[in-house]
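Labels run A, B, C and D following the written order; every chain starts at residue 1.
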Amino acid sequence: MDLFLTQLLNGLVYSVLLFLVSAGLALIFGLLGIVNLAHGSFFMLGGFVALSVTAATGSFWLAMLLAPIPVMAVAGLIEVVFLRRLYARSQLDQVLLTFGLSFILTDVTETIWGKGLSSLQEPQGLREGVSILGNVFPAYRLALLAFGFICAFAIWLVLERTRAGSMVRAGVDDARTAMGIGLNVPALRTATFAIGGGLAALAGVVAGPLLGVFSGIDVEVLIPAFIVVAIGGLGSLRGALIGSLVIGFADTLGKAYIPGVSMFLIYFAMIGILLVRPYGLFGQDPAGG
Amino acid sequence: MLRLENISKAFGSLVVSNSVTLDVTAGQRHTIIGPNGAGKTTLINQIGGQLSPDSGKIFLHGQEITRLSAPLRARAGLARTFQKNTLFQALSVFENVRLGAQAAHGRTYDLFRSWRSDTGVLAQAEQAIEQMNLGRIAAQPVGKLSYGDLRQVEVAVALATSPTVLLLDEPTSGLSPSETAQMIDVLRALPREISILMIEHDMEVVFSIADHITVLYYGEVIASGAPRNVADDPRVQEVYLGAPQ
Amino acid sequence: MTSMILPPKQPAARRFVFVAMVLACVVLSPLAVLSGYGLDVITEIMIFAIVAVSLNLILGYGGMVSFGHAAFFGLGAYATVLISTRYDVSPWLGLAGGVGTATAAAIVIGAFCVRLGGVGFFMMSLAFAQLLNSGAIKWRPLTGGSDGVGGLLRPELFGFDLSDAGPMYLFTAAGLVGVLLFMRMVIASPFGHAMVGTRESSLRMDAIGYQTRRIRLAAFAVSGAIAGLGGALYAFYNGFVSPDALSFGMSGMILLMVILGGKGSLLGPVLGAGLFLSVKNIVSTHTSHWLLIVGCIFVACVMVCPDGILGFGKRLFRSGERR
Amino acid sequence: MVEKRSQTPSATRRGLVRGAGLVTAGSLVSAFPMPAIAQVTKSPIRIGCLNVYNKAGGIYGQAIFEGLQLYLDQVGGKIAGRSVELLREDDEFNPQVALQKARKLVESEKIQILAGPLGSHIAAAIAAYMKKAGTPWIVTGAGSTELTKGRLPHMFRATFSNWQVASTMGAWAAANLKREAAVIASDYLAGHDIADAFRDSFVKGGGKVVKEIFTPPGTNDFSAYISDLVTSPPPMTYVFYSGSDAIRFVKQYDQFGLKAKSDLIGFQSTLDADTFSGQGDSALGAISSSIYCETLDTPENKAYVDLFREKKKSYPGVFDESGYTAMRIIDDAAKLIDGNVEDDAAFAAALAKTNIKAPRGPVSFDQVTHQAIQNVYIRKVEKVDGVLRNEPIATVANVGDYPPNKA
């Protein structure tokens, strides 16, 4: 296979990984208006829970299924105990709260699982390479690619095509009206935050075989995820997808062809796009107009 | 003083200003009336510079200001009030008004002097406060004022910038009858050096202040002239009172 | 002027003497009590107090939430070290260069950031800080990459060798007092009021004739310059700087100091810096659960006293008075 | 000695304590009342443990600390009849913080010896200060070749130097493996240091480096670099990574099928006991050089590994052993001067005389640069009883310091 095509494929895989991380972030911002700096911690927590599940059962698939559940519980709890009191406050307070929570979650994770470096093993059957036009490409990465697009489609389907989705969107558009027509907005918010956290945890599990599972990965994934949502438009899932593609390709192709400036490329992209479109590619001016 | 020529503006397919032309002459008390959704506030926003028109021209003292930013229009002598509360919540009434005076007269980029030292600004602010009879609440934070007081502070802040043209966006909306009467008195007492363009719903206010009325209907001027003439205009009656009687 | 409207002025002269005496006691007493390491710790606190004060200018008074303030701190430090060591000139020139570089960068970066409000500002400031951080890591020949760059020797001042803890402490204290006096002046100046007005309602500021972007940019530049001074002092203090000085974590730490102490007050950030670094110095030696404690401070601060310790104290004091 | 003391009159308490130590060592007792001296000798020995304990490098800092502790526990918590206090300070892998913490340990905590740090940039940052302070300093982790060039009189590197480990591999690989190699390493001081050392000796041995890649620390995804190698695979690839980067790289190297085409060889941290759990079978068969190998068949090592495995399930890595041996060296030196560790100069002189059989093999110090002279092992990753381990396949005995450092 042509080297360029391989690099494109690498870029696509990295984009999918970024999308899985940033989708939850975008969801939470879009629906709750919260810049969640603890999002990386949910990702990390998902990986560690999966580590325990695979250690106990040996099944990666089971880990994928189970790991998001406790993380969702933690996220839900955070929403009920802390965030619920902060919706009326400034965005700064929410940022600071989640920043503080990320420290706490890191410490808790290290206390439970230690500081060691671990990684998840790919599920049986996806460990080998697949030959594409004469070159080996890891089967797991191809599976991840497919999984990412399925996830994107599923999220879109749920939000746009189901009753639950329209309830959530109504709650976003106008909390008071939504309450007026009998929706339980506080419960909707808790559920949204929990689902966002669960998505991050799921990303942590499927990224485990590639990125590893260790304390410190939270900040490592948080910053690129932030760039993605800033570029795509805060709160827009479509934006998160496009932003992931922009950053995934810019980063991978940058590393491959212009290694000297590859580190800057993603920041330049972010600054450039924010300049032209201050609210990101698919973002909406919160002030309207 | 202030002249609008063929101002048009649309949000998508919704036309909010349709070739509006109007003139505010020196010292005039010009009032824009019209039913809800007539595009009155949108028009004020275009004059103030908060929105820019799609086409048409705006002149202030004969100078075109269509492309000028809001702060530059303000410096050219155009002041306005807002319907929704955009005052400086954490500051006192006096500080709110003083900021208005400082904009026009002060050295805003002076970091090395106390605000107290700028006596010209202080005098200007005090004058505006006295004009609006706000002395009794001058030291109170704006965030804690009653609605009626807020409307008066709105006008005081605008006056403090020493405008030549004053745009008032429904100065009496939501006021009690006695507060409304007070506001009418205050506005009538303003010197004729200041021309006023005002949006107003309350016909009593309109007829006690205005010497010229323009009627806006779905973004279009359907009548303009002296109060008596406008009141007799059949189209205006149709719009305002429903079917002709 | 009618005194009814203007808030009363305190009798100036006597108050000034009193404040000056208290200040002198506060500044001089550690010299008598503490030795080398203790003075170093307080010196570091004062340096970060300067940086926190600078962030407070745009955050507390200007309402701009920056998550990239480490950019100016780090640039100031880098420029000071690099100018002094690479070009072999007096560290004083390095210090001037550090402040100058930070100011210039603040003007350029600010021009981008002030166009955006709220989360956009937050993101943009973060992006620039990350960009500089990457630059410091990547540009190894100049910056030494992630290993950092050192070799700055503290100069002399009026015959006192700043490489001793005492003179360095006094020099930094003078810097902090100077910055605080400057801040006090700025806050009370017409510009300070315009800044607060912009924070409260930029729509209204526009409408009464202020060019709010320009005001925000000027505030940003002043803030960047002060942060650059903090960075330059830090370069003097440590003789060394690494990309950590430009990092996400550093920006967060500065932000925490401001919030912890109380934003929008003159002394809040100083208090915040002191408290944060003291707790850190004490706690990190005795427990490995340092992160947990920082996190809890953050959360408690947001939940219980969003206006910082200073604000919390004031509220307590007031409610006590009412009873 | 007395002269030196009068040259540096110090009003600090540390100065007084140090002075008292000098007096005892020099047997100039008469001027001081006896109880004061007795008190000094009885007080615990304070050892500063400056390392990174959180963040990415935290596992290594923790390993070193636990190594120190393990030896101390083994000897009953006492060295030369004095109890020992380990004062743990986290340098956060930040040179700025490290310098401050070093000051704190020396001036405020009044330590008699410093053990640490892990980062070469940390060591470089505190070197000037430590030289001025004169407190003995055992380097337990930082490997930069340049560190011993400064010849700090009281600094001893009781662990590897990058040059020792990497250049040994270069020479051995040129002679015993392939003649062409690509080099890929982390883009910071240690990465360049190690790549240079490997390249120099590899080329000297007749090898050729066909490609060099430096990647930013903390790279998430190596696929772009690996794909680049896959298209025209070099016969072997020499790798330096540590921590999470080591795990990611080795796994991704395998996932892309590069391991089958290009032999994976590397620096010790790339393939060590602590990375195996994350790397899994991807590490199998890879070859690395190190000053330590957990399966060495010596009585010292067997006893050590047994002791280690009583506490932990895993096998010890390079940094576990480094901490353990560092404390052993401190113990021996302290005994040599009857526990009078307050005398910096005497303590340093005693440290210089170190000659022990550590788990890693014989260790002594270069008398000029104070770099540990020790064996370097070539190791291969094998699976024994379902557990990955390094097995020694060759030994290069008594490797010293980088020759130019001595010149």
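Couple of notes before you dig in:
Following the convention adopted for this analysis, contacts are C-beta pairs under 8 Å (C-beta built on N, C-alpha and C of every residue); 3 or more make two chains touch, one makes a residue touch a chain.
Everything quoted here is computed from the prediction, not taken from an experiment.
Chains touching both chain A and chain C: D. Among the remaining chains, the Cα-based centre furthest from that of chain B is the centre of D. The chain pair with the larger count of C-beta pairs in contact, out of B-C and C-D, is B-C.
Taking the mean of the C-alpha atoms as each chain's centre, chain B and chain C sit 42 Å apart. Here the CA centre of chain A is 48 Å from the CA centre of chain B. With each centre defined as the average position of its C-alpha atoms, the distance from chain C to chain D rounds to 38 Å. Taking the mean of the C-alpha atoms as each chain's centre, chain B and chain D sit 75 Å apart.
The residues of chain B never reach two or more other chains; the list is empty. The residues of chain A that reach two or more other chains are 110, 263, listed in rising order. Residues of chain C in contact with at least two other chains: 137-138, 291.
By the definition of touch given earlier, these chain pairs are in contact: A-C, A-D, B-C, C-D. On chain C, the positions that touch chain A within their shared complex are 65, 67, 112, 115-116, 118-120, 122-124, 126-128, 130-131, 134-135, 137-138, 248-249, 252, 255-256, 259, 289, 291-292, 294-299, 301-303, 306. If you check the complex, the residues on chain A that touch chain D are 3, 6-7, 10, 13-14, 17, 110, 115-119, 121-122, 129, 135-138, 140-141, 209-217, 220-221, 224, 251-253, 255-256, 259, 263.
Taken in their complex, chain D has these residues touching chain C: 11-12, 53-54, 87-90, 92, 94-97, 99-100, 103-104, 106-108, 120-121, 124-125, 128, 187-189, 216-217.
Within the complex formed with chain C, the residues of chain B that make contact are 48-50, 69-72, 74-75, 79-80, 82, 86-91, 94-95, 98-100, 102-104, 106-116, 118-119, 121-122, 126, 129, 135, 138-139, 157-158, 160-161. Within the complex, the chain C residues that touch chain B are 1-2, 4-7, 9, 185-186, 188-194, 196-197, 200-201, 203-212, 215, 218, 222.
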